[in-house]
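Here's the structure we're looking at; comments come further down.
Residue numbering begins at 1 within each chain, and the chains themselves are lettered A, B, C, D, E and F in the order written.
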Amino acid sequence: MKIGVLKETNDRRVSLTPASIPKLSTQGFEIFVEQDAGSDAGFADARYEEAGAKVMDRTSLFNQASIISSIHPLSSAELAKLQAGTNLIALFEPFNDPEISESLKKQELIGYSMDMIPRTTLAQSMDVLSSMASIAGYQAVLLGAFQLPRYLPMMITAAGSIRPATVLVLGAGVAGLQAIATAKRLGASVEAFDVRQAAKEEVQSLGAKFIEVEGAKDDSDAGGYAVEQSEDFLKRQRAKVQERAAKADIIITTALVRGRKSPILLPASTVEQMKPGSVVVDLAASGGGNCELTQNGKTIQAHGVTIIGNSNLATEMPEVASTLFSNNLVNYLKLFVQEGQWAPDPENEIIKASRIA
Amino acid sequence: MDLIIEFFQNNLLLIYLLLFTIILGFEVISKVPTVLHTPLMSGANAISGVVIIGAIILVRQAAAEDYFSLGIGCLGIILGMINVVGGFAVTDRMLEMFKKRK
Amino acid sequence: MLSTILDITYLLSALGFVLGMQRLSSPDTARRGNLLATVAMSVAILATLIYPFENAPNNYLWIILSMIVGGAIGWIAAFRVQMTQMPQMVSIFNGLGGACAVALAMVELVLAGQQGGATYGQMAILLSALLIGGVSFSGSLLAYAKLEGRVKDANITFNGHNIFNLVLLAATLGLAVWLGMQADTVPTGLAIGLMVLSLVYGFSFVAPIGGADMPVVISLLNSFTGLSAAAAGLIYGNQIMLIGGIFVGASGTILTVLMCQAMNRSLLNVLIGSFSSAGGSTQKGQGDQVVKEITYTDMAIQMYYAKRVVFVPGYGLAVAQAQKMCKELDDLLSENNVEVFYGIHPVAGRMPGHMNVLLAEADVPYPKLLDLEEANDKLGDTDLAVIIGANDVVNPSAEDDPGSSIYGMPVLQVWEAKNVVVLKRSMRPGYAGIQNPLFFHTKTKMLFGDAKASLQELVTAVKSL
Amino acid sequence: MKIGVLKETNDRRVSLTPASIPKLSTQGFEIFVEQDAGSDAGFADARYEEAGAKVMDRTSLFNQASIISSIHPLSSAELAKLQAGTNLIALFEPFNDPEISESLKKQELIGYSMDMIPRTTLAQSMDVLSSMASIAGYQAVLLGAFQLPRYLPMMITAAGSIRPATVLVLGAGVAGLQAIATAKRLGASVEAFDVRQAAKEEVQSLGAKFIEVEGAKDDSDAGGYAVEQSEDFLKRQRAKVQERAAKADIIITTALVRGRKSPILLPASTVEQMKPGSVVVDLAASGGGNCELTQNGKTIQAHGVTIIGNSNLATEMPEVASTLFSNNLVNYLKLFVQEGQWAPDPENEIIKASRIA
Amino acid sequence: MLSTILDITYLLSALGFVLGMQRLSSPDTARRGNLLATVAMSVAILATLIYPFENAPNNYLWIILSMIVGGAIGWIAAFRVQMTQMPQMVSIFNGLGGACAVALAMVELVLAGQQGGATYGQMAILLSALLIGGVSFSGSLLAYAKLEGRVKDANITFNGHNIFNLVLLAATLGLAVWLGMQADTVPTGLAIGLMVLSLVYGFSFVAPIGGADMPVVISLLNSFTGLSAAAAGLIYGNQIMLIGGIFVGASGTILTVLMCQAMNRSLLNVLIGSFSSAGGSTQKGQGDQVVKEITYTDMAIQMYYAKRVVFVPGYGLAVAQAQKMCKELDDLLSENNVEVFYGIHPVAGRMPGHMNVLLAEADVPYPKLLDLEEANDKLGDTDLAVIIGANDVVNPSAEDDPGSSIYGMPVLQVWEAKNVVVLKRSMRPGYAGIQNPLFFHTKTKMLFGDAKASLQELVTAVKSL
Amino acid sequence: MDLIIEFFQNNLLLIYLLLFTIILGFEVISKVPTVLHTPLMSGANAISGVVIIGAIILVRQAAAEDYFSLGIGCLGIILGMINVVGGFAVTDRMLEMFKKRK
């Protein structure tokens, strides 16, 4: 079992960190690491070597490894360079890139997409989406707070009393909850919003206020993922959001519906009403954004409001993000090994769900 | 010595009673919160005015022309009555502030 | 038959006393307890009045008139007296009870003399009633005078007072024993002498005890009165007097001990060691200005029964890290519908927003935090301002002393509240290094100690209400 | 009394905000505001006009105003344009620019330097240094936390347990204390360090740990400012800092000694020992920096450590910073007005201390 | 002279009982109180043994032998019995005391018959002792058998049992009254009949009462024994028996009432309403598996006297926002040198680090937080694991049920601890929607209710220890 | 009726004593924490074994050949002794766990 770890082309993270290498070695893996793979995340090549990996250039790695791990999938150009039968592990996002499965199969490659791991309790230890969302939620608040020209906490000072800022979190999934927790910590008044019915209790469990909109579709059968809501519902929701958003200093949106365009929760008209200087951090930017004005990967100013569109905030904390990804990957790989041999059980629920080719 | 033994023999139950009354007095008071010290003292004080009963008995049994007994007895009644009435009234006033809100 | 009814009535009255006292010892039931005891007493008196003694002259006119006079005096006195003068009043009442016992004993002694003697047992009883009642009477009156401030300690004490007291006590007891031996003649003159001696001793016994210790002394004298009533009960073979008196004697004694404990002193210390510590426990002078301290319980009551309380936190709250304890107290008070606010001065603490950080950590909701102007608006209508480790920011010099280095700075006008309590460790000044006249203000009481510890004690005290 | 408010050339803040204008008008001031003066801070010209100010260009303002307020002092070129007798209010920093006093006097200008207001309890309401330092301390933590490739709070997650980050604050003045409070809020382990004797209690009053170095010079007579410490003391201090810094994830330094070069609390050798990815935020950069490697106004990487040298972080929160500055200014101006007339009392302690020409 | 000494000895013994019981009612002094009562009892027995009765045959050999036999049996039984069987033991002991009273009454009745009658007063006393003692004896034995699980309710009860009991009671009392009328002859046969009836009634009285209510019944029977001892005291004109018996009778009665209150029921409800609620209050079945509940005080004791306690918070802690209450409990325990840790499962809550956020807010120091592995290492050596609103993360199916949807997930092995208590509101499953066998584990007890409210109660309970 | 009045007259003090003992019993127990219910019950039970004193008196005064009295009396002593010794011992064992740490 020879596993190769690639350097990401457009990301500071790395899919495997030196600390994980011994855990894999003992299971019988041989580990190859591309040069400089971890340097942006703070893991020098030397540390990989110390831990027992072989550092090499990308081409030799392609030639030697039978399993290739990366965070982002390889370009189709590079896929073509691989030997048939190679196992690829990455976040293929088949919902967003429906052809990927076909193109892998065409090249007789085996693809495991870690973002397809079911969101069950059992699979938590390999759930990279959770790990990354958690970081994103935390970073979103720090970023928003730094950009905001105001304080988050209340301050009664000799130069005047400053009321606490209001942070509105739309979408209380993993990222949203972490954002709520972080904003609460910084002393903001936090309100949140979600269509899942369980979300209300979850939001309140962090001491924040839940803003209710009646008539959400039941989603208990959707395996934890959000379902798309009716148009009428969205309309009423938008009205309520508009009302609250006008008063919010920071809005963090996280409502990403996989395989669909993100629902617009903040139309331009709402942004217009916001106080100048306010900040929107849109973590759903990659799906088009929950804010109508969001531009994915960019920070723009509109109507005096700073709108940050970034679905990849985890990469801003490359060290911890890589560590968590790596731990998830190690836990995931454990499923594939039977007595030191690469023997994925095709009936295993997790493997079945995440195998896309 | 004999006197004491005799007294003991004759008043065994009384002694039991006194002892138990004392213990009871201790027991009733021992867990009182500091706040109630003054009202409690005041209430106990009013009860100690029970001595007035002696004065009443004295006057009731005094011969109508025994002015000594009558005079002092009536003085006793007045004093005792002040103690009793004033004591309970003052206690009640002190306790007014423990009326429950809500 | 009738006497059985009297016995049963007395029995029920005795029960009433016991159960009344029992109820008196818990705030919830105290008032009902007092009522119960009152009823028991009335029943006992009534029964004594109407029970048909054989061949008794009765003298009802005398009795009823005396009762009306005494009752009226007691009633009026009880309602005229101000709340702050309650202890004095109790002391007087108690003294009168003692006097009543003395009167009874004297009459019986004289009668015994006339009737040609008494048994040793009777003598012992009569003399005890006389002696204890006498001490209780004069002692209580002096305690009253002291509390009213009508006598100064210096005028009634002298060097060696304690030794004098011991000698006096020995003399009094000696006379009593000797008198007891004369059971067959019962010399009236000597009895009067004994009465005088006991009165002198009562006075002399209370004289050296410090003003602050008066409540303890009153409680002790109260249990004396109880004992004298019990003795009188033995004279008349009357169980209700006996039981009631003994019961008061016992509970009064334990109450005295508890009061000493609450002051962290021993009874002996109060009675004997009084010279050295006279008045010392409640006052910390600063020049000729006087600082008044408050006890946890008194403060707890003030807070608990207030309508609105404003907490004013300062740097001391932060140093003591008392924010959570403060919130706990807040919660307890709020539960009892006390309105609690926090007055936050802009420069309280050592950095801008210092108090905000701490109170947010303790989860105090933002709307409870008032800034300077809001707080000053509310303070006039506030029952109690609690200053928790703040100093400069509540310094009235900023408003009224042009020579002060902070003259002109807006401060929290806590002295507008009805009462002020300051929690700090000492009389040391705050950051600005200046003295704070607030501490000497008539409305202000101090609660010395680390703020967290003090608040903890207050929480306990409020919970026990 | 005609007061002119300038637009800053290199700063997003403004010295007077619209909310303060009525307070000045009622005292008899006429207010002129330079075009666009507050726009970067979120205060449009229209709002100034609504509040009763006249908006005009810089030249007409120079011609009409008898009092000119700004945050940073004017360049000498511009000073030359002013009429003699004009009152200037700004942060002249005479400690750092000792000639300023002379050059103002030469031109017969009257200069009031708000940074010279004594740090007494009475003067708190006009103490801009405190207001700005407080913002800087808060921002320093947000910036550091965002830059740090790790979490600040402890997290026990399915992808591994993350220990809390350690934040070390050097210099526990106003900025330092605010930094401590903010870092604590975010869940970091916070340690701090100062030479003032009172600092220990102050640090502990925020629930952080104070690192003690014995033998600090007593400073109780220095009016609240830090005094320079002996060489031996600095040596021992450096040793201790070195030891703690090696373990810190974020170091925030605030030890600015006015009129002197900032003491070096973090020599290059210490930085070398720090974990890669760690962050130093040096608020004393303008005085040369507490970190040997600090470059004022720049963010650099050295030995894998990010070193941010910025003494002007308050400008990153222009709205609240301007508001506080403006409130301080209004409180300060009150000293100068007697019955609607400009009549500064030369004997007033605060005016005396802050008048530099 | 000698009899005075005996009287005084008895008086002191009686005091010893009273003060002993008083001390027994506070945890700090309870042991000393028991010792005091033991000493008082020994003194009373010794005095009775050596006091020289006039012309008494004494029969010391018989007495000493009997005492040795009885003492040895009692001693051995007391030390053999397991902690969990204490109530049974107490019940037996109590029954034997009742039997002793029965024996005395029978002998005296027989003697009275032989000596040609007794007064009505004596008869009343003798019959009371017989009757009450008999009920106490047989009732206690049945209570014992029930607690030991030796009889099943179904085998000894029938429809209309309560009515039968009433009839039986009426018959027994009727016989007693009728027998009392025969004071001049005292028919022995009828006396034996009465004894049998009282035994039957005692049995029948206890029969329908549910197993969980046994402690209340034992306490009630205990006060019966006290009363029968008092009655026996009247027979012999012995004050110590009288006072001791009455005292136990009174305190036993109030104790019974308190026990009912602690179970939130009335005494009547326990005695009569027992059929409908039999066993219902302590068990919530789930299929045929049984869930055991725990009371606040029992849990408080378990925690307070434990060496190490591990809290396992879950989503329920967050929902209840109980983090600060949890910290308060932690502080209380830590003060008593209990080691408290928090076992944090990686997926506890609803977001990564959920528990960390909450516990940091409550200021729980980081070193107390153990992650999965650290916690599992410590759990084996833990006295009590307290699961606060966690469910999936402590589900043993993850380890031993391959069919479970979470099979294979590492979980906190709380069942390795000596005891487990789970705080949650109901038997509903957690996020994963699966049943949790932990709740039915032999080591597990449930404490139902909102986590914050439960923790609040526990804090109060611990403080009262 | 007369009987009762007579009884009352003769035993007035006894009745006081009994009443006070009962109140005392209530008072002593009323503030007991739930934890102590069982030990307290057990302690009270041991005290109720005081009935053994009656058995001892019986046997001591029984004629040496009155085997009925002797036998039943000795049975009473054995039962009472079990109650007393076992009761106190069991109580003590239960209370062991309240030993103070520290």
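In the analysis below, contacts are C-beta pairs under 8 Å (C-beta built on N, C-alpha and C of every residue); 3 or more make two chains touch, one makes a residue touch a chain.
This is a predicted model, so every value here is computed, not measured.
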| item | value |
| --- | --- |
| Far-end chain from chain B, centres as C-alpha averages | A |
| Interface composition of copies chain B and chain F: same or different, split at half | same |
| Centroid-based (C-alpha) most distant chain relative to chain F | D |
| Computed distance of Cα centres, chain E from chain D, in Å | 69 |
| Centre distance in Å when chain D and chain F are each reduced to the mean of their C-alpha atoms | 82 |
| Inter-centroid spacing, chain C versus chain B (mean Cα positions, whole Å) | 19 |
| Centre-to-centre distance between chain E and chain A (centres being mean Cα positions), rounded to whole Å | 57 |
| Touching two or more other chains - residues of chain E | 18, 22, 243, 346-347, 352-353, 357, 360-361 |
| Two or more partner chains touched - positions in chain A | 124-125, 130-131, 134, 153, 155, 157-160, 185, 187 |
| Set of chain F residues in contact with two or more other chains | 16-17, 20-21, 23-24, 27-28, 31 |
| Of chain B, residues touching chain C in the complex | 3, 7, 17-18, 21-26, 28-64, 68-70, 72-102 |
| Touching residues on chain C, where the partner in the complex is chain D | 315, 318-319, 321, 346-347, 349-354, 357-358, 360-361, 392, 398, 405-410, 431-432 |
| Chain C-facing residues of chain D, complex | 120-122, 124-125, 130-131, 134, 137, 174, 177-178, 181, 184-185, 201-202, 204-207 |
| Touch list for chain E against partner chain F, complex | 17-18, 20-22, 24-28, 30-31, 33-35, 37-38, 41, 44-45, 48-49, 53, 56-60, 62-63, 65-67, 69-71, 73-75, 77-79, 81, 83, 86-87, 89-90, 92-94, 96-97, 99-101, 103-104, 106-108, 110-111, 120-121, 215, 218-219, 222-223, 225-226, 228-229, 232-233, 235-236, 238, 240-241, 243-255, 258-259, 262, 295-298, 300-301, 305, 336-337, 461, 464-465 |
| Residues of chain C defined as touching chain A within the complex | 344-347, 352-353, 355-357, 360, 366, 369, 371-372 |
